[in-house]
Each structure stands twice: as C-alpha cells, then as structure tokens.
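Shared chain: chain A. Partners: chain B in the first complex, chain C in the second.
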Partner chain A sequence: MSRNVGIVIVSHSTDVARGTADMVRQMVGSEVPLAFCGGDPGGGLGTNVEAIMRAIDAAWSEKGVAILVDLGGAETNSEMAIELQPPERQGKIVVCNAPIVEGAVMAATEASGGATLQEVKRTAEELSPT
Partner chain B sequence: MTAQASGSILLTHAIGLHARPSVKLTKLAKSFASAIRLGTGPDGPWIDAKSIVKVMAAKVPQGAKLHFEAEGSDASAAVAALVGLVERDFDGAEADAASG
Partner chain C sequence: MRATAELMVVDEETRRRLIATVARRVIDHADELTALDQAIGDGDHGINMRRGSEAVLADLDGLAAKPLPEALKAIGMALVMKVGGASGPLYGTLFMTLGKALPPEPSLGDLIAAFDQAIAAVRARGKSDVGQKTMLDVLKPARDALAGGGDVRRAAAEAADATIPMKAIRGRASFLGDRSIGHMDPGARSSALIIGAIAEVVGEAS
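Here is the complex of A and B:
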C-alpha cells in the first residue's frame, strides 16, 4: 500500500490519457500510484464510469486518490464513479479543477513528497489561469 | 536543533529551470524537513523551493544564479543537496532539453 496519494487520469481520448500518464511517470517517477483511462469501449472518444472505477482501484491509496479530467463528461462520469465507491472510500477521492496534463504532473509531484489529498488538490488547482 | 544554511549556484542547464528540472528540484527539496527558499537574486525575490507550481512559474533562465536558504534541523544537508543537483545539471534532465 502506497504512502502517497494516487493519481487517476480521465480523458475522452486513450492517447491523451496514456500520454499524460507517460509524462507523469517520466517526470515524477514511480513512487506515486497512477492509473489512466480514456476512450469508449468501441475505440472512439468518450469516458465511462466502469473504466474510471477500475482506474480508481488500480491507483488506490489509503491516503486517497486525486482525479484529473479533461472535458465535461470526464468530470461528471468521475463524480458518478466516486459516488459508487464503498463508504470507506467516501471523502478520499477528489476531482481536481485543473488542466489535465499540467495538473497531473503538479499533483503527482506534490503527492510524491507524501502530501495529503487536500494538499495535492490545492497544488494542482494553483495552476488555474489567473 | 534549528540551523540555517545558504548557498548559491549558477544555473547552466540548457534552457533554464523548465519542467523536468523543476520537478527534480522540488522533489529533492521536499525530502528535507527544513524550510527551503529559492531566490533568483541574493536578496530575492524568494519562493518556496518545495512548491512545484511556484518553482516552475519562476521560469528561471539559463545563466541565472540560484540562491538557496534553508532553516531547520537538516538545513546544511538540504542546501548541499540542492546545489549539488544544479551542479550535476539535474542528473541527466538535459535529455529533455532538446525536446523542450
């Protein structure tokens, strides 16, 4: 079980999700639990709740999980995936209001130092345009 | 025990303190208990060396002198480690410079 907050990347595009995860792995390293999902089961663009739930499982940490999303449906489906989590996980998963690539790298950098879920979220959101 | 330490080092990295060096510097800073600040001049302005957003936003260019000040139980070790990282050109982060 990781002592660091996990990161989940949810994009409409498998390529964007995978590429974002690649950047996190290469720039930050492997000490942060990381999972990504994107695209619909038919190979097109989209997001779906089941895939997001699997990604949350894959990146699960007792310290919590921060989700980075791209557009509309990625956020609403992520929120639905959070609602469907068991009670013991409620309050330990957040969606960050941040650009997906930059936010994921910033969040993972913060998480790698053992920061709390709220600190990780704050760091990702610090980036938002001013 | 609280100690203070400071040090400075010339930033020689090809395109300055861009994304990957910033991540490395911040991660290293976070591994120390001391408060650490990074200045782009001897009198500042100062930023929290543990804040990835602030370090990256500083966009420190090549040729700038980085100043570190640390305060805490491991202040000397922290400054030595950070100066060392910059001196070693971020341990191979230059591979990233070509592609940005």
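Here is the complex of A and C:
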C-alpha cells in the first residue's frame, strides 16, 4: 500500500486518459498509485461507472484518491462511483475541479511528496479560474 | 393494475409491461434523442439511453419478478452501469431513489412523496435546479400534475416543449450559452417519453 495519495484520470476518451497518465508517469515515476479510464460501456467516447470503480481500486491508497475529470459526464459518473464505494472509503476520494492534464500533473507532483488528500486537491484546483 | 382501498397493486404482469413499454419507447426514439443532443450536447444521449434500455430489456423476466421497490432499484443500478454519459447516474439515481422510497403497494400519496425524493436526488446529482433546461423541467411539472389530478403524460410533453426557449446553465449545453436557446433539451425529451410510457400503461391497467 502506497504512502502517497493515489491519482485517477477519467476522460471521455481512452486516448486522452492514457496520454495524461503517460505524462503523469513521466513526471513522478512510480511514486504515486495511478490509474486511468476512458470510454463508455460500449467502447465509444464517454465515461463508465464500472471502469471508474476499477480505476479507484487500482489506485487505492489509505491516504485517499484524487480524481481528475474532463467534461460533465466524467464528473457525474465519478461522483456516482464514489457513492458506490464501501463505507470505509467514503470521505477519502475527491473529484478535483481542475483541467484534466495540468491538474493530474500538479496533483501527482504534490502527492509524490507525501501531501494529504486535501493538499493534493488544493494544488490541482489552483489551476482553475475563480 | 388495480386499486384496492386506494393502494396500487402492481402485479408481475403489469411490472413487465411497464418495464418493456418504457424501454422500447426509449429505444424507438433513440435517433431523435441523439439528434436533439447533437444540437446542444455531445450527441450521445440516444446511443446511451438505447444501451441502458437494452440492458434492462435483456433482464426483463428477472426485473419483473422482483417486488416494485427492488425492481426499481435494480433498473437504476443497470442504468448507472450501462448508460454512460451523465444520463446514466442521473436516471440511475432517479430510479434507485424511487425504489428506496416506494412501498411494494403504494398509495397516490406514497407516489408523490417518492417522486419528491427522486427529484431532490436528481437535483443533487446534477447540481442543477428547475428552470435550467434539464430533465428536472419535465419531472417537476409531471409530479405537480400527478399531485393535482391532471394529465401527467400531457404535462410532461408540454414541459419538454417548454425547454425549447430556455437557456442551458448545466451540462455540456451550457458551453453554448445563448446558442442553446431554440432547441429542446434531450434529457427533458427522454424524461417525457419515459413518463408518457408509464402513464399509458397505468392508464390501460386502471
């Protein structure tokens, strides 16, 4: 189990999700648990609650998981996936209001230094226009 | 369906007809929903709703065999898992909340109370409210027609039409700003289709 916050990337496109994850991996190596998913249950563009739940499992850390999303459905489906998690995980998974690529890189960089989930989220969200 | 001492008994055959009619209605209108969504969204609403409806139809026997609350919860979970897009969690939340709120043999008062809880849950899930060009703009007038003894199907259809001049504030359509005006909201249309199908079956059975 990692001592760092995990990062999950949820895009409508598998290519965007994988590409973002590649960039994160290059920045922070294997210091941070990382998972990504993209595409709808039929393999087209979209997002998928089951895939998001699997990604959360893959990136799970006792310090929590920060999710980066692209467009509306990715956020709604991520929130649904969080609600379907077991009680002991509730409160330990957040969706960051940040641009997906820059947010994922910033969040992972912060997480790699051992930051808390709240610190990771705050750093990612510094990128958002207020 | 028959009303005994104002409680509605939704037997297995009625449940089967309800589920099948709603799912087939959505599938029959999938292209129309996609065309509406191409105008102001990302053009996947019909595709997503068809996929969810086909998943529900595939388990028609199993779903119809469950008591009403369990059937609704199972339909909601199937939609969450199969629809994708934002409409999966939104419709999933709607049906799961109805399932949690309704007793197996509901009275009209139970239906209205469950409808209220479901609308509140959809508002929270979508972080939206009535008047923002979403499915809520159909759910709320339909609920009010039910409570007021009006024509629920007609209220839902008219409410979907009434989203045409609205400006979208939530969802992908909000990126368009004023350009979302002049198009019917696809989620409002799918909600009106679903409510219309339910009202038809209930009307035939009562």
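FYI, the second predicted complex is superposed on the first by the 128 of 130 C-alpha atoms of A that agree within 3 Å, B and C clash if a C-alpha of one lies under 4 Å from a C-alpha of the other, contacts with A are read in each partner's own complex, and residues count from 1 in each chain.
By our rule, a residue touches a chain if its C-beta (ideal position, glycine included) is under 8 Å from a C-beta of that chain, and two chains touch if they have at least 3 such contacts.
Owing to the predicted nature of the structure, the values given are computational and were not obtained by experimental measurement.
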Superposed partners chain B and chain C on chain A - clash or fit: fit
Which of chain B and chain C A:E126 touches, first, second, both or neither: first
First (chain B), second (chain C), both or neither touched by A:T109: first
First, second, both or neither for A:S61, with chain B first and chain C second: neither
From chain A, separation angle of chain B and chain C (C-alpha centres, steps of 10 degrees): 150
Chain B versus chain C as contact partner of A:S11, first or second or both or neither: neither
Which superposed partner A:P41 touches (first chain B, second chain C, both, neither): second
Partner chain(s) touched by A:L71 [first = chain B, second = chain C, both, neither]: second
Chain B versus chain C as contact partner of A:T20, first or second or both or neither: neither
Residues of chain A touched, compared between chain B and chain C (which is higher): C
After fitting on chain A: smallest Cα gap, chain B-chain C, Å: 27
Contact residues of chain A, present in both the chain B and the chain C interface: none
Contacting residues of chain A [partner chain B, same complex]: 26-29, 105-106, 109-110, 112-114, 123, 126-127
Touching residues (chain side chain C, partner chain A) in the complex: 42, 44, 47-48, 51, 80-90, 92-93, 125-126, 170-172
Partner chain A, residues of chain B touching it in the complex: 19-20, 23, 26-27, 30-31, 50-53, 56
Chain C-touching residues of chain A, taken from the complex the two chains share: 12, 40-42, 44-50, 71-73, 76-77, 79-80, 84
